[in-house]
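So that you can tell them apart, the chains are marked A, B and C in the order they are listed, and the count of residues begins at 1 in each.
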Amino acid sequence: MYRIRFHGRGGQGVKTASRILGTAFFLSGFEVQDAPRYGAERRGAPIFAYVRADRRPIHERGVIRDPGLVLVADETLVAISAASVLEGVGARTAFLVHSGEETQTWRDRLDLAGPVVTLPVAGPHGEGLEARYVGAACAAAAACLAGVVSLGAVEEAVREELEGLADEVIARNREHARWAYGLMEPLRGCVEPDPAHPAGPIPPPGWVELPFEDARVSAPATHAGVTSTLVKTGLWRTVRPVIEHARCRGCWWVCGSLCPDGVIGVDEAGRPWIDYDHCKGCMVCLSQCPNRAIDAIPERDARGAESAGGEK
Amino acid sequence: MSETRFRTMKDLPAAHLLGTGTAMCAGCGGLEALHQIYDILGEKTVFINAAGCMTLLAIYPYTPFGGSWLYSAMASAPAGAQGVRDALDILLSKGRISPEEDLTAVVLTGDGSAYGMGLSAASGTIERGLDFIYVCYDNEGYGNTGQQHSGATPHGARTSTSRGRSGFPGFKKDLFAVWVSHRPSYAATVVGSEPLDLARKIEKAKGLRGPRLILALAPCPTGWDFDPAEAARIGKLAVETGVWPLKEYFDGRVTFTRAPKKRLPVEEYLEVQGRFAHLFHPRRNEVLLGDIQAQVDAAWREAESQGLPEK
Amino acid sequence: MSRTMLTGNVAAAWGARLAGIEYLPAFPITPQTEIIETISRWIETGEMDCRMTTLESEHSMVTAAGAAAAAGVRVFTATSSQGLLYGMEMLYTTAGWRAPFVLVNVSRGLSSPITLEPDHNDILAARDSGFLQLHCATCQEVLDGVLVAYRLAEDERVRLPVIVNMDGFHLSFTREPVEITDAAAAARFLPPFDPGNLGFRAGAPLSEAVAVLGGSPYSYFRYQVHLAALNAEAVFPSIAGEFHRAFGRPFPAVETYRCDDAEVVFVMMGSFATKAKAAVDRLREAGEAVGLVRPVMLRPFPSAALREALAGKRGIAVVDQNLSPGRGGVLHTEISAALQGCAGPSPVLASFVGGLGGREIASEEFCEMAAVARRAAAEGRAPEPRLLFTEAERKEMRNLQAIALARGARERRP
């Protein structure tokens, strides 16, 4: 059975990628399951989707915990433990990441034993891979790496899954699918189907007796205030608003009030500051700043600068 | 509003009370309004929530509230406020809590509940004269389930259940008028992109007793299909084009608090939202655009015929 | 102590009054309305210190009840039938809040077709909500049941809302002599509500009934409701014992009547079970070893007490005043499950559905049911389930249908 997991952010087409791949497998005569998985989080938050494909009926269900292939549409997710990108990645798991870095860098960084491949950020024409085509590219890459789905099946799946969109959009997606499929040709078939069940002894599930607990503790109630700040929604952000203090006129009541999440505070000198642990990167502050004193920095670069500067 | 402590934007709260880290979408216009509202209402409040996007403000064990919160159900949040308020009154009258421990009951609801399933409970609660504040974040559709049309969806908007060339064929219900017909102590429309107007209204509502409505337009990047960065701009355009009149009802009279001197054409508001893109592409739908402009103009003409706006 | 003629509804109101309820969210529905009318009159005359709010629906009524209980006051409410179903979402919801209060349900058959007469499908629809359930057979039990219910609900080992159930008309509108418990003794039995850490207060943040993500926390919270309900079975005997000592009246989880040497027993709930008692007496006079087992507590399900009561019986006639379409009687299913896997010879169960929509169950029908159960026991084979429905009723239906299904008189004119 092929077990393939896509990781991305809400709004990046990860669900579409899983559906394109699922349909492509289906068109190639496989039994298939595909499904997205998202919780309460919204656009920008880490989500994943998965595909199972087999020649025999599939009886497994639910989240894939032992993937044969993991595809990451947004490399910033890898460092986010809550995104669980590396969950179940084993010695045979193939790993594809949409990244400008070398495969060896990723292999070393993550200590990966299986095949590692990157989907270059340059895109098919060297002008950068647009976010809206990453899904189709990842689906096509997965098809080629599995080695049992033809490019024709992928292109047909793109057409089926994007039906209703403008012809030009479909054509561009197919173009990106062809590009990604071609890039993977040297590694074609590196993802092998895994057995239906893991070999060896069956570990016990570790059940416990759940004891009665007083309603004071066992009701779904939180007796502490403002605990939401423990959730670092800054991880949703792909672009970071940075206040350029040289240009800032200190009218914190504009950005501070308009920021939907209330993450802009004021320091003692009356200058606004941004709580990056929780800023979701909506950029309302940037668009509303009367003096255009806020810049947009890609999160990748901002984090890079931070680690270069030795900051946390 | 001469006695307001919010004379200029500089008087707005600098520190924010509502916790960060909630699951609302980036650029949520509802959250933009809510955090401003919470800054002024403060933590001596108990929010009774109706099922909607903001159900997910509090996910065990995380809550953004320094005050209290009770999740009820989609239809009956005002009844939850009734039960809490009645209980607090009982406890106060018996001396089991002190007046300092008292809280203001605040219903928090989306338009899906406020304009539909929860309307009967709200109506009953206003009619009983309950001392409570009712906050509706109106994103003009069942946003939490993917923006199907609700009783608050405007004419012509595309929703996930009105995808045709003309969008939603119905018309947005006038919830403000529904409330006013009940003669509440206060009712106001607000939008998070006009923080000063909002602050003054929350301040005024806070100083009153009885049923009070705060109806907040909630520009929704996910449901309305626009870049999250545009949330505040779209809120402002809603006011400047006259689509969302900022007004209040008090003492039997409706007052317009920020009537635009000259209203911008309504299409400036429409063309920046994906949910109205079919009115412009592949070709302009002049008839529908004209209809929508005419509805806005007619609403303002009617207000003016009653001697409004006067502010 | 003196006894007074009271309807079941007024007995329920007395139970609430003696319990010192502080809050009554209300909504009228036949045949429950007399309860809230009675309490509202006492509030007006100053005999009760209670706040009453009439909501605009039962859904809102149960919401307000749960919310006020969660805020830390003693709450009572009442409904019936369609009203219970209209509030059903909030039964499940408020049970999960772990905020104890008591709801009296006056059982009435469910639509469609709409009817005013009693059966138990309304209350059984709430079976899995997390509310505990006490089923009363007399007006006295209604009053007693309300007091016992508060002790059970508010016990810190339980902390769940409780429904006290009575049958419409047969109890709600039927007067019987009822001993009205002395108020001081009632207050000793049921001290003021200690809300624990429930309650909304300035300076004490509480986010109540928040959402969960994922099956594990959900499993934990729901299973805690189950464990709390199971605890109610364990703490019930001591509460009932205390009640018995205080007032001289037993309030068992399972009532047994002439069961000790019985070979065949009826199993029934609610006020119609007293008809079974009458039949037991009649059969006993005829020399037959017949008895009655009546679950008073349905949730938690008193499995151990039922097994004990039913041990050694040869035939059991389960009389269900409800119908689960496509399955049959609900109580029959529950009794079968309780007896499954018990040591010793298994009794044979005979399933009867009767008394739907208030349909009478005649004495001779009980005698026949006992005979069927006895024959089944002798043969060692359960009979086909039976609806109690006679030839006379069939004829009556045919007459009604002759009118309903004929073309209208006007059309038949030439």
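We adopt the following convention: a residue touches a chain if its C-beta (ideal position, glycine included) is under 8 Å from a C-beta of that chain, and two chains touch if they have at least 3 such contacts.
Here the structure is a predicted model, which is why all the values come from computation and not from measurement.
Taken as a graph of touching chains, this assembly is complete, with every chain in contact with every other.
Compared on C-beta pairs in contact, A-C and A-B come out with A-B as the pair having more. Averaging Cα atoms per chain gives one point for each, and the point farthest from that of chain A is the centre of C.
Of all the chains shown, the one with its CA centroid nearest the global CA centroid is B.
Centroids of chain B and chain C (each the mean of its C-alpha atoms) stand 43 Å apart.
For this pair, chain A with chain C, the centres built from the Cα atoms lie 53 Å apart. In whole angstrom, the spacing between the mean C-alpha positions of chain A and chain B is 33.
Listed for chain A are residues 39-40, 220, 222, 224-226, each touching two or more other chains.
Among the residues of chain C, those in touch with two or more other chains are 204-213, 217.
Among the residues of chain B, those touching two or more other chains are numbered 43, 56, 58-61, 63, 65-67.
Interface of chain B with chain A (complex): residues 9-10, 12, 14-16, 18-29, 31-32, 35-36, 43, 56-67, 192-193, 195, 221-222, 227-233. By the touch criterion given at the top, residues 43-44, 46, 48, 55-56, 58-61, 63, 65-73, 75-84, 86-91, 94, 96-97, 100-103, 120-121, 123-124, 128 of chain B touch chain C in their complex.
Residues 39-40, 210-216, 218-226 of chain A are the ones that touch chain C when the two sit in their complex.
Those residues of chain C that touch chain A in the shared complex are 96-98, 156-157, 159, 196-197, 204-214, 217, 220-221, 223-224, 227-228, 230-231. For chain C in complex with chain B, the residues that touch the partner chain are 22-23, 25, 51, 53, 55-57, 59-61, 63-73, 75, 89-90, 93, 199-213, 217.
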